[in-house]
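Presented below are the structures under discussion, each in the form of structure tokens.
Next come two complexes built around chain A: one with chain B, the other with chain C.
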Partner chain A sequence: MNRMQKQSQVAMGLLRAIAGFVVLILAFLIGYIFITGLPNISWKFLTSPAKAFSAGGGIGIQLFNSFYLLILAMLISLPIALGASIYLNEYAKDNWFTSTIRTAIEILSSLPSVVVGLFGFLLFVVQYNFGFSIISGALTLTIFNLPLLTRNIEEALASVADDQRQGGLGLGLSKYETIIHIVVPAALPGIISGIILCSGRVFGEAAALIYTAGQSAPALNFADWNPFNIDSPLSPLRPAETLAVHIWKINSEGIMPDLTKVSSGSAAVLVLAILIFNLSARYIGRKVFEKMTSMD
Partner chain B sequence: MQTIFDTQSNERFIYHFNPEENSIEMQTKDLEISYGKTLAMQHADIQFKKNTITALIGPSGSGKSTFLRALNRMNDDVATVKGQILYQGVNINQPGIDVYEVRRRIGMVFQRPNPFAKSIYDNVTFALQRRGVHNKKVLDEVVETTLKQAAVWDQVKDSLHKSALSLSGGQAQRVCIARVLAVKPDVLLLDEPASALDPVSTSQLEQTLRELKPNYTIIIVTHNMQQAARLSDYTVFFNLGEAIEYNKTRKIFTRPKIQLTDDYVSGNFG
Partner chain C sequence: MQNQKLAKQLMKKSKTARYERFGRLLCLSALLLIMVIVIGIIAFIATKGMSTFMKDHISMKDFFTGTIWNPGAKTPSGHAAVGALPMIVGSFLVTILAAILSTPFAIGTAVYMTEISPKRGAKILQPVTELLVGIPSVVYGFIGLSVVVPFVRNTFGGSGFGILSGTFVLFVMILPTIVSMTVDSLKSVPTYYRQASLALGATKWQTIWKVVLRAASPGILTAVVFGMARAFGEALAVQMVIGNASLMPHNLVSPASTLTSVLTAGMGNTVMGSLQNDALWSLALVLLAMSLFFNLLVHFIGKKGAFSK
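Now for the complex of A and B:
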């Protein structure tokens, strides 16, 4: 065996070991969380409200809050991100203005989430007087989510071949018609994957919510779906501790006797949800693409 | 018939029709196309006769695609086009011209088949639907007529509502032609439409174009000189951003007037 072959083999082995190590860490983390957490999960745990002092509390309200905040944050950020990414990818010329926008998006996406959270606290909670509430949390999550979502959608749009645009223009359609009716539908699989991936990130976010959506989960009346009543699950002005915040909170100041059980159970649910988001992003993106390209 | 030698240089021969005897569908005058400060095309005063096929040939970078894309103003965003582009006697290269209407009447088919991520039916009817045609009977009829014209009806008539992305290259390209025909153009511009197709699909495509000729004026960019010789009535030879020779295809390929053309068509360069 000559020197170059040997070199290549050693390099290959080293790279494999590094990759394997990374996978191993992930497998260990997820394995640990699941092994300690999954046995504590039951239907009752998933649906009953938390208890502060006695054993047997669940995470029902926190789970509902997490999803409700996620949906609201996505509803607010999706139109903005879609508009921004269409502008950046389809219309923007390469000049100082657009490069400023891009830099701003990059900086925004690298801001620590606790900073975003404190910003949301000062602006929405204090300045606008929304208090610790769903709406403060959702707006803060929007700020946290926008840069990444914009990036993801922009990448999906950029991956649409240019001849699709040419085809539209060549038929006498306007640029706007071409983008909305040809480019965006063609980018749909990528856009959907991007949305789901961002959902996973938003779902697991804690630091941005501690000072905005609050750390309490008051009892909700699940029979009342009028958003104007304060104990309605839909009320945007009620405080809403999410699952991720709950984990943080009970670990820092929880006093219930089954603390470890609740904590590891919650962590397992959180990780499971994020795993489902990530796997389904790939699956749904691929399915949508197959459906668009298939013969039947 | 009237021919004019270019006075500035003896190295060009551009055939000119007598407009009184021939119906001229399109014509360029004093055309100058530039990308930024780079001049990409000049000295291209070409007339295109109605219901003929004209081939644009020349080596890579000769400007033939640039020229073609100027004809329906597809170059608007990337290049500066000076001079006149006459379509049925009207200069379409001036402000106030409805560029969308220009592109509807002067349709374009591209190098790579580019069906939209929609059903075959929607690919063909999409532009009409955007223009407010929603009558299903009308649309059905357009789909059938244009797919028949593009000679792909028999292969796709049972799968009209399936995705056009699943079609083979040759079928996809002919659906793209049907899509252009659906908006009822007078002129068809084709930019190397067969370069991504296999020989069988290519010959089917050529047959389709021959069948379309009586009703359309066809201008086709091709790298394939046999294709130009087989298919076209007239040929323009471009080199380094100029039209060097324009004549009947038979003459270009048998007795070219310019040495450079001769060198190119006999494969000495290109």
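Now for the complex of A and C:
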């Protein structure tokens, strides 16, 4: 074996080691989160409200807030992202206008989330006087979510074969009718897995929320579902600390006595939720791929 | 009479055509809304950020070169203490160090995934990088706080909070971003490049090092810039481990701060419109400008290095 071949083998070994090291990092992270976190999770922990100064608090309200904000943000951003991606993929011509808008979306997706949060603070909390509230948080998350969701939906639309469009147009449908009745349903699986992936990102976001949805979780009356009452869980004007914000908040204040227990439990819940989001997006994507490729 | 009616009907747009126009306009307005948001963000933050200089008459020189950050107070030499240099230096240090640390690991992993074992790459490493991207930044911050900070304290001394801990946390956070983009650019190198090189008698390593990586270098550079942009803008994970002292960092283990950490920690404690608050918005403006700069850089590299087919 000559020198060059030996060099090549050593290099291959090194590359294998690096790849193995990266896998180890993830294994350590996931292992650490679950081993320290899972023992702290109980039904009581998941449902009881947090306590600031004494041990034994839970994350019930924070968990509810996280899901409520996620759903609201998705409800607001989905129609906008769908419209924008339809225009980009189906109507837009390749000209300066389209490339300007694409650049703008790219800029928005690369903005640090803290900048998006500060904009939300300036516009919704201060200017529109919504205060630290669910509605400010949901609107800010919408801005944070729009670029990625638009890109995901556009990819799903682009993967629909042109035959489908030609079929629709050939039957005498207008372009918009073709898109709404043929292209979007055909792309639906891709759109759904795109939405789920974005949900994972939104669910874990904290920097955009600390100055919009606020850092406090006032007690809620879970018997009152009238959105106009301030202590109703559905009230859009109450401050709502999410799970991710809660982890940041208790760690940077550090006055809670069972701080590590609560934060490791919350981190485990957060990562578990995101794992479920990711796995279900993969599963749905694969199922649909199988369905579309097998001719039955 | 009959003809006139018919003519009128033919001249009018049909229901379908009107529906088509309506749908198209609806989609266009959604797109324009996004555009307005982007312009709004830049305009709002720029106006707020400039008021430190326009309204409070702080000179740009004091802001960018001053080393004492205590808005509202005066420095010993009588200038207003709004020196943002410690934060700017902190941000750049963690970003550059994290990029230097992660780039070799990321490229190695990406090469393994595309050149050595594509099968295992797709089966194990692909999901691994996707999961790493998915872990929220507060969780990284929490692990940094409970694992990295004690580790740095015991190994390198000091309190453990500082640039070094921030670097380690960001290293893991930007690794998957760089890996997945590098994989894309390695995959876009045509197979016949590799075949030609191997046919010339080059070893696998020589092919990777001298042909594949060279051909993919603009893409890899873009990946690294993206990673740096993410590191520069990352707020909470860094804020939790860096120590939050607005001082010039003396060494890598002394408490420091970044633009994002000061913003997240300070914005809630100031009154809108005061100098303390305006100075923070100026930091946000610096952050925004850097993010735009990274974007510009990516565009520039992309234009220069795109594969000409």
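Everything that follows uses one rule, which is that the second predicted complex is superposed on the first by the 263 of 296 C-alpha atoms of A that agree within 3 Å, B and C clash if a C-alpha of one lies under 4 Å from a C-alpha of the other, contacts with A are read in each partner's own complex, and residues count from 1 in each chain.
Throughout what follows, a contact is a pair of C-beta atoms (placed from the backbone, for glycine too) under 8 Å apart; a residue touches a chain by one contact, two chains touch by 3 or more.
Because the structure is a prediction, the values reported are computed rather than measured.
Engineer: Identify the partner contact of A:Ile33: answer first if only chain B is touched, second if only chain C is, both if each is, neither if none is.
Structural biologist: So A:Ile33 only meets chain C here.
Engineer: Looking at the overlay, what does A:Gly167 touch: chain B (first), chain C (second), both, or neither?
Structural biologist: A:Gly167 contacts chain B only, not chain C.
Engineer: Thinking of the overlay built on chain A, is A:Leu259 touched by chain B (first), by chain C (second), by both, or by neither?
Structural biologist: After superposing on A, A:Leu259 lies clear of both chain B and chain C.
Engineer: Quick one: name whichever of chain B and chain C touches more residues of chain A.
Structural biologist: C
Engineer: A:Ser113 in the overlay: touching chain B, chain C, both, or neither? Say first, second, both or neither.
Structural biologist: second
Engineer: A:His181 in the overlay: touching chain B, chain C, both, or neither? Say first, second, both or neither.
Structural biologist: In the superposition, A:His181 touches chain B alone.
Engineer: Based on the superposed arrangement, let me know which partner A:Ile276 touches: chain B (first), chain C (second), both, or neither?
Structural biologist: Neither chain B nor chain C is touched by A:Ile276.
Engineer: If I apply the document's touch criterion, which positions on chain A are contacted by chain B in one structure and by chain C in the other?
Structural biologist: Shared contact residues on chain A (touching chain B in one complex, chain C in the other): 174, 177.
Engineer: How about chain A: which of its residues touch chain C in the complex?
Structural biologist: 4-5, 7-8, 11-12, 14-16, 18-19, 21-23, 25-26, 29-30, 32-33, 36, 79-84, 86-88, 90-91, 100-101, 103-108, 110-116, 118-119, 121-123, 126, 143, 146-147, 150, 174-177, 179-180, 200-201, 203-207, 210-211, 215, 244-245, 247-248, 251-252, 260, 263-264, 267, 270-271, 274-275, 277-278
Engineer: Using the touch rule from the top, collect the residues of chain A that touch chain B in their complex.
Structural biologist: Within the complex, chain A touches chain B at residues 161, 163-164, 166-174, 177, 181-182, 185-186, 188, 291-296.
Engineer: Which of the residues in chain B end up touching chain A in this complex?
Structural biologist: Listed in rising order, the residues of chain B that touch chain A are 72, 74, 100-104, 107-112, 114-118, 126-127, 130, 159, 162-163, 165-166, 176, 179-180, 183.
Engineer: Taking the touch rule as given, give the residues of chain C at its contact with chain A in the complex, in rising order.
Structural biologist: Residues of chain C touching chain A: 16-17, 19-20, 22-24, 26-31, 33-35, 37-41, 44-45, 48, 104-105, 108-109, 111-113, 116, 121, 124-125, 128-132, 134-139, 141-143, 145-147, 172, 175, 179, 203-206, 208-209, 226, 229, 232-236, 239-240, 260, 263-265, 267-268, 272, 281, 284, 287-288, 291-292, 294-295, 299.
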